[in-house]
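The letters A, B, C, D, E and F name the chains in turn, as written, and every chain counts its residues from 1.
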Amino acid sequence: MKKVEAIIKPFKLEDVKDGLAEIGITGMTISEVKGYGRQQGHSELYRGAEYVVEFIPKIKLEVVVSADEVDNVVKVITENARTGKIGDGKIFIFDVEKVVRIRTGETDEEAI
Amino acid sequence: MKKVEAIIKPFKLEDVKDGLAEIGITGMTISEVKGYGRQQGHSELYRGAEYVVEFIPKIKLEVVVSADEVDNVVKVITENARTGKIGDGKIFIFDVEKVVRIRTGETDEEAI
Amino acid sequence: MKKVEAIIKPFKLEDVKDGLAEIGITGMTISEVKGYGRQQGHSELYRGAEYVVEFIPKIKLEVVVSADEVDNVVKVITENARTGKIGDGKIFIFDVEKVVRIRTGETDEEAI
Amino acid sequence: MENLNDVKYILDSFLMIIMAVFVMWMAAGFAMLEAGLTRTKNNTVVLLKNIVLYSIAVIAYYFVGYNLMYGDGNSFIGSGFALSGISYDDHSLYADFFFQVVFVATAASVISGTVAERMKLIPFLIFVAILSAIIYPIQGHWTWGGSELGGLLSGFSDFAGSTIVHAVGGWAALAGVLLLGPRNGKYGKNGQVRAIYGSSMPLATLGTFILWMGWFGFNGGSQLAMGTKADIDGVALVVASTNMAAAVGAVTMAIITYVMNRRIDLTMVLNGALGGLVAVTAGPDNGMLAATIEGIVAAILIYVAVPMFDKLKIDDPVGALSVHLINGIWGTIAVAIFNPEVSMVAQIKGIVVIGLFVFVTSFVVWYALKLTIGIRVSDEVEYDGLDQHEAGIESYPEFAKNFR
Amino acid sequence: MENLNDVKYILDSFLMIIMAVFVMWMAAGFAMLEAGLTRTKNNTVVLLKNIVLYSIAVIAYYFVGYNLMYGDGNSFIGSGFALSGISYDDHSLYADFFFQVVFVATAASVISGTVAERMKLIPFLIFVAILSAIIYPIQGHWTWGGSELGGLLSGFSDFAGSTIVHAVGGWAALAGVLLLGPRNGKYGKNGQVRAIYGSSMPLATLGTFILWMGWFGFNGGSQLAMGTKADIDGVALVVASTNMAAAVGAVTMAIITYVMNRRIDLTMVLNGALGGLVAVTAGPDNGMLAATIEGIVAAILIYVAVPMFDKLKIDDPVGALSVHLINGIWGTIAVAIFNPEVSMVAQIKGIVVIGLFVFVTSFVVWYALKLTIGIRVSDEVEYDGLDQHEAGIESYPEFAKNFR
Amino acid sequence: MENLNDVKYILDSFLMIIMAVFVMWMAAGFAMLEAGLTRTKNNTVVLLKNIVLYSIAVIAYYFVGYNLMYGDGNSFIGSGFALSGISYDDHSLYADFFFQVVFVATAASVISGTVAERMKLIPFLIFVAILSAIIYPIQGHWTWGGSELGGLLSGFSDFAGSTIVHAVGGWAALAGVLLLGPRNGKYGKNGQVRAIYGSSMPLATLGTFILWMGWFGFNGGSQLAMGTKADIDGVALVVASTNMAAAVGAVTMAIITYVMNRRIDLTMVLNGALGGLVAVTAGPDNGMLAATIEGIVAAILIYVAVPMFDKLKIDDPVGALSVHLINGIWGTIAVAIFNPEVSMVAQIKGIVVIGLFVFVTSFVVWYALKLTIGIRVSDEVEYDGLDQHEAGIESYPEFAKNFR
């Protein structure tokens, strides 16, 4: 099994989630993160002066899937999260050694 | 070393933490996440209409332990986080290549 | 490619980020987490009684880099995040199987 | 102190002053309510709009509006500026001005909520200036200014402004929102209505309580006098019935949503209370029973109007049209029902004439703004949130910045 | 304006009106305080409870309660409804009603905090209706209504309601909480007390400031007149001593917690200020020294009572029992200490008779509710938070929903 | 009620009472504003400071300060304590005291913001006690107390306290901050200024609205009488011009920041409104045009002063020095410009004499505190946030604790 971890623009979450649901992915976990990268942070105005803000709000999406689904998942995320502008984000893929479903104790493929 | 990553119901955190402490696990990191899965989101009421909320608050617990402790840790988490109802969550296990303790520079097993 | 995941003290973030920028790291993702470890939680005062708080605010920093940069990155984080007091945090290193840049579809080293 | 007439002068003036302080406070209520019902990413601009709109209304009404409303002029419009040529025998001029000026800000605040989260800041503020300086005072001249538009509005009765303040704000908002369009994402591709949740129920509730409190000044002060037993009895009845209408509006909505959904919908309850307040405003002197019925009907109207506006794809984040426009009209009609001395024809004439005037003039102004500087932010700004681009600072700016 | 008697009539009525506005504002204070001291997941229901309880109290007291309290009737209970048969020569009837009605809401608000985070919304609201329509007015008939319960309560002195409002709320809350039980997780398996932290110190502090401000209306208005020099001197002393008691309560608690813990405990300081306010309420006309001592003792009592209630496993998230019940009793006793004309026996008789009556009747009502529709939410609802199940919306509803 | 003189006595006293209630409310405004503009990790201490400083000011001024200000004594200082030996023929003593005591708290509140986020709680509170008991009353004795410091301050005119309250707070704050130093991280190694973002724009805005509302009491009540037509006309003009100055301050700042940065800077707009309020305070009776100009200049001064203080490495998280000190001075000077009867020399003498006295005495007190118990928290406490170490509870304490 693999974990697909995607850093995306927040307003793209809904499209990505819907896209994943369409290909039968029914579980995922998301969290709010801040990203730093090529995308220029914007300047802020506070107490009369301007400051550059370097960290930009992003959503981290984590989906654990069986190895053969990975390419499909990556494709769906890429398509749905893309705006074409800098800052669209990245996808990272990791190997998962084991999965357990807490409720039933099922493991691995059955637990996803 | 392995990283055990568990997505659990928030109100189970204290039991899980106490359970882990009992088997000698003294370090862990938690964060607030939102989960999407088999557990039905509830319906919300806003401005006179009902909407389904699909993301449910969860806690992500990350514990890095030596390989031989993994089974024990999984067992403790499973037992303490289980309610038997859908949505109890999942445990994912990853390989950790290296660990460093920032304060001392110790590495790997010594650093956990 | 490797993912370097560091749990650090929040007020050290800026130094660490600047340090990484100096060695040419231009992408990273951070999130707010709570840590539990050797560092003693402090006692809190609420409604006239004292309670121990065990979870301490930390920042989790995630940087994906090519394998040969890992040591350098670890060194920079360690140096910049260290205060010498308990609770400075940990660095965990994971293998990353694949990286995709959503905007362009570039993969692996090119995508970082 | 020379004689009892002086006492009356003092008491009447003092009533206006103290009640105006409570009405001013409503500006904070509108700000908190709107901030609570809109998204965090737009909250700084919401706050900015509310404090600056109040300020602009004060300045515009002082230099221009008050005279167009209360200056001599003709039956269409008053004359002069900066209070020139106006004086009163029976109460302080500045007490009168201070009480009137806070009402203008209320009308302007109504608009703010409806156009929230996608209107540009600058054209909004320009509109507020024009509304406060010209549009509001002209129709005010016909009614409270006493000109009756050459008799056309004679017999029209609006105690504290269900039409003159609240529906006026509502019409101006409606004209704006029709040209502005809904927030991105509010209506799905297949026409379904989607929820865009507000940022904070505590702020929304605090805002409602502030408005409720301020309304005692709004309606109670509109008695404009307390120097006789009849007047103070009037003030007392007005505040008691104002309170009643709000309470009934809230409870009615709680019952409706509980019956329909087995749960009570907080934001609708807040709207219910405010709807009761708007409805009672035209006739808070008509007794407790009138107030009770006005509150019941107000809640029902809002419960029907909120989804109706959504069906029409008129996107109103805070429900201001349902609360202020619909119930402004209902409250004005209710006067003819509960007060035998007021004719229904006169009321409807007033509603229509003022509504038409304000809607048309507002539409023209909004349209001119749209053609020139534009009234809507770009999609990108809407996604990022207006705060970043128009205010330059988020509403809770700390995260990932303040780690020093 | 005809004569000086009219002026007195006007001034007395106006005092009640304006002070009632401040008392109404306390509803917002209770809402913010309770929201700040309870968990985010229950905050929408907290807000809902507070705005609806105020509304229900207004309606119930108007149609039923006011007459049971001030209508003729017999020495146990008044008669009539909707103000029927009641009139006053010396001030506006509606000013009187408006001032009284906001007090009922205060008594009901006290209960809300104690039963927070696990009581069902609907039975709570039913209880509020019964309290406001029947229980509160009956004991009010004996005291402020003047019946003295056939002489049993003659000589009992409670200026603005330490017993009649605050302890009454406290007794009703105590009866409820005994049948309700503590929040899950508050007390550990081995009896240890665990902290359940509130959601927001800014809201809790804002709520306290609002209550403090409102209390000037509560106590100052209870002079009920300002048409003579003696009366306005009375109002002035009352507001000054009210302010003093609150300040002393806050500072005393700051000192106590600093001495005990080397840190100052904010939520206890807030309770300290409120305790001082409750304590001074029975006799704010007894001078600044009395107020000072009442404030000191109030803070000490709260510091002792909060852990005491926890030891008894009476779980009171906001400390309402310590603030309103304990200090309501203390304040009533203090009158006999500081005012030589008031007998300690009369005070204790009043405390006991009213306390018994309210506790027993409330217990019966709560018990009936428990047996019929139930008063406590299920464990699952308590875990999820009441907001999801009873209101259908979280208090900060945005996250993971509003990414459009 | 016997005669018209009694009516005057009553009305004057009532004005003070009711306006004092609004001024008291400003304490909440300062608390919310400071909490909004400082970091979450220090917010509990901010709230604690604000409620306890108000309380200490009340107690210190009652037992000591009021007499040093208004007691007979000599031309430097008054005598007696706890109101001993003071009485008035024409209004209630306690109304006078109540109105005065809330002003002291305002002066103390000004300091709180400037020293926020790094000053220890206990020495701050000790300073407030000394300021309220001694420093503020002594200079108040020279001015409002009427002693004129043996003629040195004769002709000095400060209607509601631009100098006597606001600049006094500002001078005391300046003395403190010079000894305290800036927050860690505010100024970079190479002298660059870094932003330390506040926690909440809604709280900061709410605080500003509260202060704005309270200011009607502050300035309107400072007429000190409404028992004649001239007096109530005075009150009316005062509240209208107070409102105007604030509105103009806000709008001017909105324009300035829009022109300079293409965006409107909310926190500067809030400061602009407050700066207008401080500036108009010395002469709110000088007409609407004066108020307008005072507001314009106030905003410009703040826009210049905020970066100037940063250049001097005087770190003032909320901008209190720019708002209260700079504009307190400007407002006092403006009186001589707009009121032909007031001499510029007298105004400048007043500004300098009072400024010197307060700055020097405050400096001595702060210095003594620094040498003894220390005034600054350790770096570790500053990093962790003061809340953890001085209050023992975070401002939003729930996360990772309340999962039961």
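The rule is short, and it goes like this: a contact is a pair of C-beta atoms (placed from the backbone, for glycine too) under 8 Å apart; a residue touches a chain by one contact, two chains touch by 3 or more.
None of the values given here were measured: they were computed from a predicted structure.
J.: Determine how many degrees of rotation, between 0 and 180 and to the nearest 5, align the Cα atoms of chain A with the equivalent atoms in chain B.
T.: A turn of 120 degrees brings the C-alpha atoms of chain A onto chain B.
J.: Looking at A-D, C-F or A-F, which one is a repeat of the B-D interface (more than half the contact pairs shared)?
T.: A-F
J.: Is the contact between chain D and chain E built from the same residue numbers on each copy (over half shared) or from different ones (under half shared)?
T.: different
J.: Let me have the rounded angstrom distance from the C-alpha centre of chain B over to the C-alpha centre of chain E, please.
T.: Chain B and chain E have C-alpha centres separated by 44 Å.
J.: What is the distance, in whole Å, between the centres of chain B and chain F, each centre taken as the mean of its C-alpha atoms?
T.: 50
J.: Taking each chain's centre as its mean C-alpha position, how far apart are chain B and chain C in Å?
T.: Each chain reduced to its C-alpha mean, chain B and chain C end up 18 Å apart.
J.: Quick one: chain D and chain F, Cα centre-to-centre, how many Å?
T.: Once rounded, the distance between the two centres reads 32 Å.
J.: Can you list every residue of chain D that touches 2 or more other chains, as numbers and ranges?
T.: Residues 4, 7, 18, 194-195, 197, 200, 206, 261, 263, 265, 267, 389, 391-394, 397, 399-401, 404.
J.: Any chance you could list the residues of chain C touching two or more other chains?
T.: Only 11, 30-32, 34, 44-46, 50, 55, 94-95 qualify.
J.: Could you pull out which chain F residues touch chain D in their complex?
T.: Going by the criterion above, the answer is residues 4-5, 7-8, 11, 15, 18, 22, 39-40, 184-186, 194-202, 205-206, 208-210, 212-213, 216-217, 220, 226-229, 231-233, 235-237, 239-240, 243-244, 246-248, 250-251, 254, 258, 261, 263-267, 269-270, 273, 288.
J.: Inside the complex, what are the residues of chain B that reach chain D?
T.: Listed in rising order, the residues of chain B that touch chain D are 44-51.
J.: Applying the document's contact rule, which stretches of chain A touch chain C when the two form their complex?
T.: On the chain A side, the touching residues are 2, 6-8, 31-38, 54-55, 58, 60, 74, 77-78, 81-95.
J.: For chain E, which residues are in contact with chain D within the complex?
T.: Contacts found on chain E: 1-4, 6-7, 9-10, 13-14, 16-18, 20-21, 24-25, 27-28, 31-32, 35, 43-44, 47-48, 50-52, 54-56, 58-59, 62, 82-83, 92-95, 97-98, 101, 121-122, 125, 200, 203, 206, 389-398, 401-402, 404.
J.: Which residues of chain C touch chain A in their complex?
T.: The contact residues of chain C facing chain A are 3, 17, 26-31, 64, 94-103, 105, 111-112.
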